[in-house]
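Structure record follows, encoded as structure tokens.
Chain nomenclature is as follows: A, B, C, D and E, assigned in order of appearance, with residue numbering initiated at 1 for each chain independently.
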């Protein structure tokens, strides 16, 4: 009565994952992130002019707008890698899409927290129901749903396929967030770049603009670092899973 | 052990069971044969307290099925067509859960022992949902016997099992029989019926049309008797 | 007819099929045997285009499975574990619906003929949901062959069938064979395999470990070969 | 074309089985009724200002009743794995999408035809906008909602708890449509002077509808792939 | 007592499988968030009078998120007929009811703890009523809602389209509770002077809760009977 179903070598030997990511790149990125962050802090707090009405609270503007842009970019990367995945079906594309979406969510959370903090001092309320705020919140929900699809049960390629599809569809909200204040007349959100229906608030002092651009650059480097780190971490997890399976196999023999 | 009197079951306007009388003694291993749609599974469901009979009396171990159903349920091990397993749980978790519900002592140990016995120890901690049909059936068998039931109600238990698993199952049934368990087994596989059963019941059209004992695994005898009943039906 | 080269299928980190090479000629009736969890059903699912293989090449009738899947699907009749029937529809409605999808001519007539053939003409207009396991399996068989497929993929087709239905099924397979159909049948029932198949494939651990022809319904030969492969396992 | 033939067969099958059981439609309609009653509790219909919430209520009904139907549409194919039956049949996946879409859309329209007049009646609403535009907005909004909904229902059906996942996926993606139609409905029902702005909304919704219908049509292959 | 032992086992099983997948809870919470958003654009929250709808919105969230969880609770037992596995096990049906109730109630409380503060934040609501009473009302209302809901979910699960049937059964039966708690919440949140009237509502709801819990407990045998 000791018959057992066999399962010999049920694990893939030989990892197909190539060790592209050298630790060097990660170190360089880390250094660059630290340096550029320090520079941007200098620009924000010392170089840039103080806003007349809101004073120090206005400094949050740099983080707010930079993280918003970074969130957009992260979701765009997810979008691109989702398409690539559907065409090429390489796991690495899916990993990139996934990690980028996660980073995007983190940046969206930053927008959603810095926004209200700022709003408290600017509009004297934590939250108003205004198109950009709604659409940003929705953006957040869309990518939470994206993560939910990834948490579904099943083999990875099914999850990757479905979440790629959703990553493509969900991206539709990003341009909407961007254009929200330009389509709807809004009383609240200022339009700084480009023109909208009402030109109020447009324009920005040049020292502020420089500080903003520096911050965005710093955030972009941070994003690159996080993406790199996240992807190698995911790859590691995949590999560990594989080893674990193998190890267990051998233990049970 | 089991006493069935004038059992009928009606669903809508259709009589599925039309007066079944049956008495089974402790320790017997009974095969229930019969064509498709005869009412075999329905009979088993009634015994498992899953369906209320329309009329008739059922006593198990002297207890009335209607009144003492909790007591009776403790005695029963039921294996229906579906596996009754939680898909996202592993075999171990499934067996431990059901074992706990039946109040089995030392349930973890017992569960792993059973999983090993049905030959799936490699899959002890993997979710059941990815299992193949035969593997699921193996775990379903383990589930049905986790509490050492005194009465086994098996509905086509050999379905999907490979040769190895069939002999495991037969051994399980035989070893439980030695411990005094009573078994009712619905099957279409005369060979297995002849192999492990000592009594055969043939059901046709909701009635018991034949009821005889067999000896020495006499497969030919069973086929002959069955053929006799099915004459003209194809 | 069917050409499989280096077929592998991986689910997460588990290799289910590890390089299957197989070529089946038109008109052959092939039985696929093997222990539980060997990968038999998975192989059939890959052929039925229900699962994408991880790697490998499959050609059916000279057409590539990836590219011309619509053409290929027309040739296939697939009978899996589940019935693929709509519960609240009657057998007739089910068959007519699937027949229409396959573009069968004269579908009503053909459907009633098939239902009659599988011995359920009494139940022609009753919803499938109340049927017994064997009755459902009969209709499922009818569904799989409604469009006179050239290739039959049957996964344990004898499950739940009574003796009469088994011989009906065997006759159906044999008569389709005469018309030139190719059949792949997964089964654990050596007797049926020996009865209707002229070639046996044994799958173990996601690989084909044996492949031989049989003649004269030589059941003993099959068991022997199978036993040889499973040595030390059970 | 074969694509449409099989799509129609599928839609027919779904509608026919609905005709037999009438389960989904009845539930949807009763549900719509319940929502209306609940709202009439919450906002006293006698009060004149509550007239302003009517556009919102119309779309809340469509959304929630719609989700009920969408959920069933693919879950009902899971019993006995009939979905596999469709997948092994010789047809494009887009045919399945189209068929399901048609069936869902037809049922949605029936629900609307029944419940919207009931709503107007209960809230004693005098319709004096443009009926043509109103019907157009309802049609466009439902079209987009059901088109995206059918697609996402197919996607969600892969999950164990799909009836929970669907709203999560559906709401955020369809908000632009919903915002657009609510605004347009509001204008059409209460303030016909601003028609041009309503038309702008309608155009926006139409564009969104078309884009998403095409995208869904193209991507459904990947969703239904097994 | 054996009744409680098996009920706890069942609740543990459900909660453990939820802990593993976290699907239901996440979905409920996000769903709650989405309902808030939908309401926000259906009814402009900038408008000050809409603050008055907050008690309503709280309960709409609880009701809809609750329905999602209730639906799953028995439907999840349909796959592989695990419900039969519970029915053939030696325990009272009331044990099954109690176990499911405990699991659902626990999850409901988690959803409330997360979503209500979120709601206050988003609608910029300043809480200046009595927190103790507020928690009590939420607790009592959820208790009654889940108690009746679990019962009706068991009833609805026997139908093929149970996730549609449940809201239909649930809404009418729980209306008294809902009206009561909405009124009580309204008073506690906005108008603490009328506390005595709120307490009257609370007593009413408590009575309803107790009666229905006992009735459900007694009647569940007939519902689960096969």
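We take it that contacts are C-beta pairs under 8 Å (C-beta built on N, C-alpha and C of every residue); 3 or more make two chains touch, one makes a residue touch a chain.
Here is each chain with its UniProt name: A = Heme exporter protein C; B, C = ABC transporter ATP-binding protein NatA; D, E = Heme exporter protein B.
Here the structure is a predicted model, which is why all the values come from computation and not from measurement.
Asks: Compare the CA centroid of chain A with every other chain's and tell me the farthest one.
Replies: Using the mean of the C-alpha atoms as each chain's centre, the farthest one from chain A is B.
Asks: Count the C-beta pairs in contact for C-D and for A-C, then report the pair with the higher count.
Replies: So, comparing the two chain pairs, more contacts are at C-D.
Asks: Would you kindly tell me how far, in whole Å, the mean C-alpha position of chain E lies from that of chain D?
Replies: 27
Asks: Distance between chain A and chain B based on Cα centroids, please, to the nearest Å.
Replies: So the centroids are 56 Å from each other.
Asks: Taking each chain's centre as the mean position of its Cα atoms, how many Å separate chain C from chain E?
Replies: Computed from C-alpha means, the inter-chain centre distance equals 48 Å.
Asks: Taking each chain's centre as the mean position of its Cα atoms, how many Å separate chain A from chain E?
Replies: So the centre of chain A lies 35 Å away from the centre of chain E.
Asks: Tell me, which residues of chain A touch at least two other chains?
Replies: Where chain A meets two or more other chains at a single residue, that happens at 3-5, 7, 134, 138, 141, 144-145, 148, 153.
Asks: Could you tell me which residues belong to chain B and also touch two or more other chains?
Replies: 87-88, 135, 164-165
Asks: Where in chain E do residues touch at least two different other chains?
Replies: 21, 23, 27, 30, 34, 37, 41, 160
Asks: Using the touch rule from the top, collect the residues of chain C that touch chain A in their complex.
Replies: The contact residues of chain C facing chain A are 10-15, 35-37, 204-205, 233-234.
Asks: Would you pull the chain D residues touching chain A in the complex into a rising list?
Replies: 148, 151, 155, 158-160, 165, 168-169, 171-173, 175-176, 179, 211-212, 215-216, 219, 222-223, 225
Asks: Would you mind writing out the residues of chain B in touch with chain C in their complex?
Replies: For this pair, the touching residues of chain B are 11, 34-38, 41, 81, 130-135, 138, 156, 159-167, 188-190, 226, 230, 233-234.
Asks: Any idea which chain A residues touch chain C in the complex?
Replies: 3-12, 155-156, 241-242, 245
Asks: Across the complex, what residues on chain E touch chain B?
Replies: Those residues of chain E that touch chain B are 6, 9-10, 13, 17, 20-21, 79-82, 84-92, 225-226.
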